[in-house]
Each structure stands twice: as structure tokens, then as C-alpha cells.
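Take a look at these structures.
Two complexes follow with chain A in common, the first pairing it with chain B and the second with chain C.
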Partner chain A sequence: MTGFRPVYRKEIYSFFASPTFYVVALIFLIISGYFFFSAVSYYNILSFQGMQNPMWREQLNPTEMVLRPFFMDISVIMLLVCPLLTMRVLAEEKKSSTSELLFTYPLTDTGVLLGKFFATLSVLFIIILGTLPSLIYFGTLTHLRWQIVGAGYLGLALLAGAFISLGVLASSLTENQIIAAVLAFGALLLFWVIGWSRAFAGPTLARFINYISIINHFESFAKGVIDIRDVVYYIIFSTFFLFITLRFLESQRWRG
Partner chain B sequence: MIEVESITKRYGSLVAIKDVSFTVEKGEIVGFLGPNGAGKTTTLKIITCYMPPTEGKVMVDGIDCLENSLAVRKRLGYLPESVPLYKEMTVKRFLNFVAESKGIEGKSRGKEIDRVTETCGLSKVKNRIIGHLSKGYRQRVGIAQALINDPPILIFDEPTIGLDPSQIIEIRQLIKDLGEEKTIILSSHILPEVSQVCQKVIIINKGKIIATETPANLTAQLQKSTRIVLQVKSDSQPIEAIIDKLSNIQGVKNITREDHNGTLIVETDQSKDLRPTISRTVIENNWDLIEIKLHDFSLEDIFLELVTKEEEAA
Partner chain C sequence: MEGKKNIFRSRAFKHGSNTLLRTIIFTAILVFIVLIVQNHPWRVDLTESKAFTLTDQSQKILKSIKIPINIKAFFQEATRDKIKAQDLLDTYKYYCPNLKYEFIDPDRHPEVAKQYDIKTYGTVVVEGAGKKQTITVLNEENLTNALMKLIQTKKKTIYFVTGHGEADINAFDKNGYSMVRRELEKENYQVKTLDLLHTAQIPKDASVVIINGPKKSLMKPEIETLRKYIESGGKLVVMLDPFHDGGLKKFLKDYGIGIRDDIVIDKLSRVFGGSYLMPVVTKYTTHKITNNFNIATFFPESRSLTKVEKTRPGINVMLIALTSSGAWAETDIKTLREKNAASFDPNQDQKGPVCLAMMSEITPAEKTKEKTSNKENGDKVKSGKKDKPKTRGQLVVFGDSDFANNAYFGLSGNGDLFLNVINYLAQEENLITIERPTKKGQPLILTSTQSRLVFLIPLVFVPLFVILCGLAVFRVRRKQR
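Then we have the complex of A and B:
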């Protein structure tokens, strides 16, 4: 594990020194702000109507009507921006040959890789946390259950970890950042939409597809439910792809 | 200090180096010489544990590069050929990252950075962003990162490439100074550099070592004849006349005209110094002798000879 700390700190610095981070953060927050605004507006209209209709009033629920769609929306934006954050992680080192420095310092490959992974995760989570002030403000207007908000953010962090692990793998395959981003986006999208085909798959296959699908496991978090199976899924997903990346880094050096 | 035991490296079907063996003793400055694409960088990358050899093994300080690569890497400072640096960082921050990577504790890190910036003449640009520095300064940052944590072995891959002449002299001097207490391997395709700085030269061509010698020995070995450079002048006689006369001297093997200003190169037997005879002949024939000197074989000549011989044999 030697190497985690220096690489983590270097990566965090590189992120904050590059314009990519600021552009990605800006776009992320504008879009998520828009989604939040529309969810709240919709809820607002419904609650006005609810004042005339006592039947409706019972069903009005800020968790169900604002938080859940909001977290689902954030996961979609993450799908779009995550490849942009991960694309440079290893591809850039290879392109500029700084990998020759990094891998001749007394650092283990695992340490380097985990340093990079957690640095990207931290950066993405910082961007995600940028959405928190709007929720806090919303919480002053209505009764929000903060445990649900917490579960949502935990889910987002786990989802981000899964996205990033796949993105880092894509970045290790090439020295071209565009290719890394496209590969990561394609792979993530595939893991996302594969869940849709459960409708026409056989019962066994449907169960498998349901389990594989990266977003199905997030739905319970968005509802405020922390299911240990979902946590395990994301951890296994991230570990698996990081492990593949590690093997890939090694084999690349064997082949030269 | 460094033992390379018959290493071979293949990239797919391409054989980059084949059965390369050599040893480097403690405190030596060794020049690694060869034309572009000869396998210099590949060999250095293997010694620095960047990649493993396909066959053979490398021991650094008695430690196997494959078995305990971290321990080997701790003893090495490496400057890769392209001088890769994190361009978005300042010099200080970059060196801090290197120091942290090499396992220097937080407290002594600042001191270590001060030491290497001092050695490499970087104190003035410490707080500048590396991407904004000139090529010469970047080269020094590259050397500075190799020096951090004071490793006993330094490996420089083409350290003076792309620098201007005054920078080249500075870097060479720096390497010489470092060589007083460290073991250095230096790769280069520039021959004077190697003859000036190194105590031992390893010549590699097409992935194979073709000679391992001191620069002086190499010269002696290959010097089968002596060359005398001579400049003569006459207003009345054609140059051919004096060439004729000189060819008649015993021991002269061959005379060639170097240029149209009367410069001649006379190849003679090694056994005898023919300069007095030659100068006398020139004067006696009413020519003016402007210059006469012995021409040393440069490493260029030796190198070319070795490489061509190798190619003829193959």
C-alpha cells in the first residue's frame, strides 16, 4: 500500500489545478440545480392542489416526490460526467510518460491505483455535495427526513465508486483520453440499460440481469433504504474492476 | 553494484535486446553508448524495474529486481529519456511529491528539497510552474527528482539531449560532480560526452553489447595506425608534387587530401613517429609547413569501426 498517500494528494492537486474539474463541477451543479428546481416546483403545484383536495393531501410526500427523483436525476448526470473525470487518470500518465517516474519510485501498483481511485472518488463526491445546500434550504421549508438524505448520498458515493472503477479501467487501456472517456461511457451505459431487457428475458436470466444492472441497486438508496446486498454489490463491482485494472497495468509492463 | 545477467527483452516478435550482460562497480560512471534504437532505453528501463526482462535477471546491490523491486527502486534515481514531469505542478510541489513517494518523513522533506534544488541550481525557480520553465530548467528538475533521498545509484537516459551547448556543459559538470560519490549509468549517443564524463564505456548496437572498455583502452586497441595532419603551402608547385615526395618516405601508408587549402592526412605505421622526417621533407622541397600534428582517434571513429565491423560479421 505504499504510495496511497502521495499519489492521493498529487491527484487531488492535479484535479483542482485543471480546468476540467471546474467545468465538470459547473455543468453538474447547473443541471442538478435545474432538476431540483423542477422537482420542487412540481411538488409545489401539487401541494396547492392538495389544499383543495383532502384525498390528495395524504399522498403528498416530499421524500417520494422530491428526494427520490432528485437522487435518480443526479445518478444520470453522474453517468455523463464521470467518464470526463476518470479519462485522464491513467491515460495522461502514459501519454506524458510520467508513468515511468511513478512506477520507478518505491510505490506499489496497488497503492498508486487506490490513491488515484479514491482521489477521483473524493473529487466527484465534493461535486455531489455541492447539491446539499439546496436540500438544506428545502428542509427549512418542509419536513425532510435527514436519514433518507443520508442514505441517498451514501448510495451516490457507492455508485460513484462503481462508475469510477470502470472509468479507471478504461483509462488504463489507452493513452488517448477521448478513447478512455468513450469506452467508459459506453461500458457504463451498457451496465445501465442492461436492466431494461429483463422484461423479455427468461426468469433465470432476468434475475441475473436484474442483479448485474448498475442502477437497479441504486433505486433503494434513492428511496432511503440501505440494503446490505446493494452495498455489497457496489463494493464487489468496484473491487472487481480495480483488480482487473491492476492486472492490466502489470501485463502492460510485461509486454513493454 | 549492478549486475546484469544475460537479459533479453522482446516486444512481441521484436527483440529489443538480446543476451546483454555487464556489471557496474560501486562509484563508477559508466557510459552506455549506441545508435538510436540500439536498446539503451530498454536496458535502463529493466534496471530501474519499470519493466521486467523476458529472460535473465538484474541484481542491484545484491537484490533481485523482480523479487524485491521496491527495495531496488529505493536505491535508484532515474531520469527517463523524455524527462517526464507533472507540468501543472510547481517545482517545489513536484519535488515534495517525489520526496513523499520516496518515503521521506514530513519534517525532513523541506530540507531534502532545499538540498536538491541547491545542487541543481533550481532555487530561483522553486515556485514556478514546471510547464512554464525552459527546457534546460526542466532537465534540471528531472535530475533533481532523481537525486531526492540521495540514492547511491543514478541512471540518466540521454541527460543532455535537446539542450544548448552551455547547458550541456553545466549538466555534464553536474554529473561529474555527482560521480564523485555515486554510481552512475549514463546513456548517450553523443560520443564526446561519454569520453569526457565516463570511466567505462559499454557500446551496444542492435540489442547486443559489442564492447566494454575504458575510453582510453578502446582508443589504444583500435589504433593500428597513426594519423598525422599536415598543412603545407607553396605558391609555385601543385599539391600532387609534395604528395609524391611524401609517399616515398618509408613507413607512410596512405595520404589523402582533406581540403583545397593544402591540408593532408598522412597515415603511417604505428611503430615510429614520422613527424620529423615529414617536416624535413616538406621544407627541403621548398614548401612552407604551416601545421603538423598527430590526429587522435576519436570515439566517433572507434564507434563507427565497431558498429561497421559488427555489421560485416553479421
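Then we have the complex of A and C:
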């Protein structure tokens, strides 16, 4: 796996040097910030109503009513911004014809690809961590279960990995970054909405669709449960698409 | 040319097939891992109240379930209740892979809702082993109990007492009870006869014991047996025809139900085409037995039942079926028999509406005492756990036994009322109780400074920090150039 470290460092560096990163981070954090603000405001209103109704009062739980919807909201924003981060990963190299150079270095394909994958993942995770200050402040206002916050971020990281692996594949297919972004977005959206069609499918197919659906596996993290099945789903998902990307890059060499 | 093509083909073919093979093998390995993990789930619940973990009791029961269980949950789409229900069912599924659930919106699929007779949102139907349980309030206690009832394989047994001229459950003639037997067996009950003189106690497997119209009096030891049975939580149905009290007058009085030597006369019944002596019931009290039941029932030659006011504590009497207010209970039998005439005598006869079916709930005597003493100590919860919660005895009395015989069982709602009573009595109360720690609410009322900070931190400070970082990086890079 030679090549992981230099590629990782180079990618991180070029991310932080590019304006794309700051624009994406800014938009991501403003939208997620708005969701956070509205979730807390809504909770505030509900608490106010709960003062009068003791039955309501028992239901008030900040982890259930603020954290859970907040993490679900972040996953939606991630769906939108992820293709923007992954679109350039391989397409740019192809366009500027540096990919031949890159792949003729004494570096393994796996090392190069994983370097790029983990660099993008790190960058996205750093953006996600931008939501942490708000949560820390929220934690000072009420009792927050930090283990659940941890589970949520773990889930987001795994989800990000799955998104990025698919984005990287899309980026390897074309040298046009816009096409790469559209491809990635379309594929991700498809994996997202496929779960909605389980109502019309037969029982066996419904189970398969349920499993494939990318967001179904995130719910458990958002509510504070770490389920090995969901962790494995995301890892398998990422591994599969990285493997396909690798085979595709390899095939370019012998296809000429 | 041909050679060139061959080389090209073989090269592409070699690499292509190699790639394909590797992809297939790799995919197969991944699928294999997925299948292993799906079949050996494991999870950590990080919530404080362990909201997504079941109690040990439930877990044990779920582990013993080997048959497929199907759950249909009737919830409206996108409601908080539905999310909660989904969380709970998901947790159950984690512990019991044989369990499958689906959500059905009763508004969008009224045909399914009708099929399962769904009346309220949030009703859950649990099916398995050819049986069905319906839960109206979904929580761990109810769902676990429903599952327990499903996996119980034994059939419930209904005993008919014999030996005093009761209607025979095997007789096909018009006074027989063969129709009742057939209908009960259809509802998955086992029907047996019981000779009280030969048994010191009621068999343990008895779900309900029925005495249907004895012509001769029961012996003292027999009544004692019945008393013991009902005091220990038994379910008894007594059907007494006019002028045959079966020696049960005192027994019934002890449980709050009074009988007199009379016969109910209902002028309204004449309108329906019957005789005066066949009172019709069109009004039922709101009781679980008669909930949503509004079909007329006819009681040929019936006696009146009255509520005895003075009983020992722990007895709760409820009326079930009442005649119209035009009916009365006639005591002057002589005139009735000889002249075939009857008139209401306010001094003697009981004015309508006359009660024809009554139910009494009996809390075991010792337990009532214990409960009151515990209440004094303010230590109610502990005692509940110490001794097994005894079920309440239930006694349903009809002032008539003919209404369910072969001649009248099929008439209007007669059969339905009878089966409703049996189903209600035979239904088990919750087998286990599960107490979850109640969540304490954590209301959050923000001060104006706090709410301003909730706005400023995510929407101003953090984005500003990102912008500043970006500007700093660009200045540095410009300098480097």
C-alpha cells in the first residue's frame, strides 16, 4: 500500500488550498446551523407547552427531540454536498492528464485510491465537526447524553464514507467534474429513495430493498444505538464501490 | 490482420475475464459477510433509559419463539406515535429474527383495517401459530403478553356442569346445546362435561365453567366446590330458568346477584311477533362484553336479576342486558298459568327495565384485606411483587338458559351474545407485568441571551470562522506566489 501517505497529504493540502472547500463548508454549516436553531427553538416551544401538561412533560427528551432530528437533517445536507467534494478527486487528474503520471509512480493503485478516499472523508468529517460547537453549547443548557452524540457522529462518518466511495467511482468514470457530480448525486439519491418503494414490493424484495436503502441504516445511530449490522452495511458499501473503482482504473490500463 | 485481432482479443479477454472473476469472488465474499452479520446481530444501546433494550423477561420469551410471527401495525403515516412504534418493533425484531412487522395506514388501506376490525389508530395485530392477538395500546408489556399468548399451544377448555338436568351439549334436539358446542369448537375451544359430584375441585385447565339451566338443586359440596373455584379466580357462567334456581340462590346472593321467583313479561316482544314471555333486549350497558354490540337478543321465559346492595367488599356487580322499560317481572304465576293473563302489580312486581344478564367480579377475600393493610403502610408496590397477582373471579348470570339452546341460538344476536361472554371470560389477563422506569421530562426554557446564542453560534460564529480561515489561506498562498 505504498503511496497512501503522500497521496493523503497531497489531497488534504489541495482541499484546504481550494476555494471549493470553504464554500462547501460555509453552505453546509449555515444550513445545518439553521436546522439546529429551529430544532432547539421548537423544543423550547414544546417545553413551554409542557409546563401546562404533565403528560407532555414526560415526553420531553432533548436527545430524542433535538439530537435525533438534527442528525437526520445533517445526513440530508451531506447528500447534497458530498458530490461537490468528490467530483474532482479523479476527474481532475484525468482532465489534466496527471492520472497517467500518478499511476506510473511507484505507488500501488490501492494506496493512491485509499489516500484520496480517506483524505476526502477527513475533509468532510472536519466540516461535520463544525456543528460540534452548537452541540457543546446546547449541552451546557440541558442534560445531553454525550454517548449518543458520539454515536451520531460515528454514524455520520460511516455514512460519509459510503457517500464518498460512490462519488469517487463516479469521478473515475469521467473527466468532466460536472458529470461526475451529477452522476454521484443521482446514484446517491437513488440509494436514498429506494427504501420508499418497499411498500409496493413483495416480501422478499422488500427485505432486500430495506437492506440496500442507504438511510435506513442511519436511523439507529441517530437514536443512540450502535448496531453491528448497520456498521457493517456502511463498511461493505464503501469497500464494494472502492473495489469497483479500483477495477475500473485497472481496466483503463489494459483497454489502452 | 488475423493474428493482430487474435492478440487484441486474447489480451482484452484475459484481463476482462480476470477482472470479472475477481469482482464476482469479491462480491460473493462481501455478501457472505453481510449474511453472517445479519444472522448474528449485536448492538449497544447508548441511551440513558435503555429505551431500545427490552427487559430480561421479554428477552427470554422472545428467545423461546421459534415460529414465524407477523405483526401488522395500524398507524397513520408520519406521526410521532408511528416512529415510537417503529422503534419498539425494531427492538423486538432485533431479539427475535422470526418476527416480521409492517405498517398499514388504516386510512389508505381501509379494506385491510376492516378485515382486522380496526377501530382506533395505533392498533397492533399480532399473528402467529394460527392465532391472533390484538393490542390497542402498544408497549412492551402488552406486546410481550400478546406474544406469550400466541406461543401457548394448549387449547382453552370450557366445562359444562352435568347431573342436574342441564341441557345436554351433545343433544341435537331443540332443547339441546349441540349448537353451542359446535360454535365453541369452531372458536378453538375444547368443550367437556363436568360432574361436580365426582371431583373435589374444578379441573385446573378450566377456562370457563358453565351451569346451563339445572332442573334440580346442586348439592352443598358441589356449591362449595364452585365457591372455592370462583374465589380463586375462576370464571363461571350460571344460566337459571324461572322457577329452577338450582339451589344457587344463596350462592349468587353472596356475590351480589339476587334472584326471585318471577318471570319477565314484555309487551314489546309481542310487536316482534313473539309471546309476552319472550322479552327482547335491545339495550346493553357499556361493558367490554357488549362493546359495539347492538343486535337484539331474545330470552324465552326468563327470570329477573337484581343487584344485591349489601355484599362483602371486593365484589363489583355490573348489569349487562336490560329489557325495555315496558317489561316487568311478574310474580303472580297462578293467574298467569291459569288465565294466561298478567298485569303489572306495583306492590309485588318489579318494574322494568328488568335485568336479564349480570356480571359480578370477585376480588379474592384475603387479598382485599392485604391490599387495604398495605395501602395503610403505603407499601403497595412491594406486595405486588411478592405474592403472585391473583386473578379476579368472574361470574356471569343469565336469567334464562333457553336463549342459547339449539332452537334459539341462531335467533338474532343470541349466539353472538353468548359467545361474546365466553370469549370475554376465557380471555387471559396479562400474564406478566413489565415495569419500565418512567422517563423524566427535561423541559428547556431558554432565556433571551441563551436563545440568541443558539442562533449566533451555528449561524454566525462558525460560518465566520470558516470565512476567516479561507481568507487567511488565500493571503498566505498569494504571498507564496
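Going forward, the second predicted complex is superposed on the first by the 256 of 256 C-alpha atoms of A that agree within 3 Å, B and C clash if a C-alpha of one lies under 4 Å from a C-alpha of the other, contacts with A are read in each partner's own complex, and residues count from 1 in each chain.
Rule of thumb we're sticking to: contacts are C-beta pairs under 8 Å (C-beta built on N, C-alpha and C of every residue); 3 or more make two chains touch, one makes a residue touch a chain.
From a predicted model like this one, the values you see are computed outputs, not experimental measurements.
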{"item": "Contacts of A:E100 with chain B and chain C, given as first, second, both or neither", "value": "first"}
{"item": "Which superposed partner A:A17 touches (first chain B, second chain C, both, neither)", "value": "both"}
{"item": "First (chain B), second (chain C), both or neither touched by A:S197", "value": "neither"}
{"item": "Partner chain(s) touched by A:T2 [first = chain B, second = chain C, both, neither]", "value": "first"}
{"item": "Which of chain B and chain C A:N53 touches, first, second, both or neither", "value": "neither"}
{"item": "Partner chain in contact with A:W254 - chain B first, chain C second, else both or neither", "value": "both"}
{"item": "Partner chain(s) touched by A:V232 [first = chain B, second = chain C, both, neither]", "value": "second"}
{"item": "Chain A residues touched - chain C or chain B, whichever exceeds", "value": "C"}
{"item": "First, second, both or neither for A:F138, with chain B first and chain C second", "value": "second"}
{"item": "Set intersection of chain A contacts, chain C complex versus chain B complex", "value": "17, 254-255"}
{"item": "Complex contacts: residues of chain B adjacent to chain A", "value": "9, 11-12, 16, 42, 45, 48-52, 70-71, 73-74, 76, 78, 80, 82, 84-89, 93, 97-98, 100-103, 145"}
{"item": "Chain A to chain B touching residues, read off their complex", "value": "2-3, 5-7, 9-10, 13-14, 17-18, 96-108, 253-256"}
{"item": "Sites on chain A touched by chain C in the complex", "value": "16-17, 19, 21-22, 25-26, 29-30, 32-34, 36-37, 40-41, 43-44, 47-48, 50-51, 56-64, 130-131, 133-134, 137-138, 141-143, 145, 147-148, 150-151, 203, 211, 220, 223-229, 232-233, 236, 239-240, 243-244, 247, 250-251, 254-255"}
{"item": "Chain A-touching residues of chain C, taken from the complex the two chains share", "value": "11-12, 15-16, 19, 22-23, 26-27, 30, 33-34, 37-38, 41-48, 51-52, 87, 90, 94, 100, 438-446, 450-451, 453-455, 457-459, 461-463, 466-467, 469-470, 473-474, 477"}
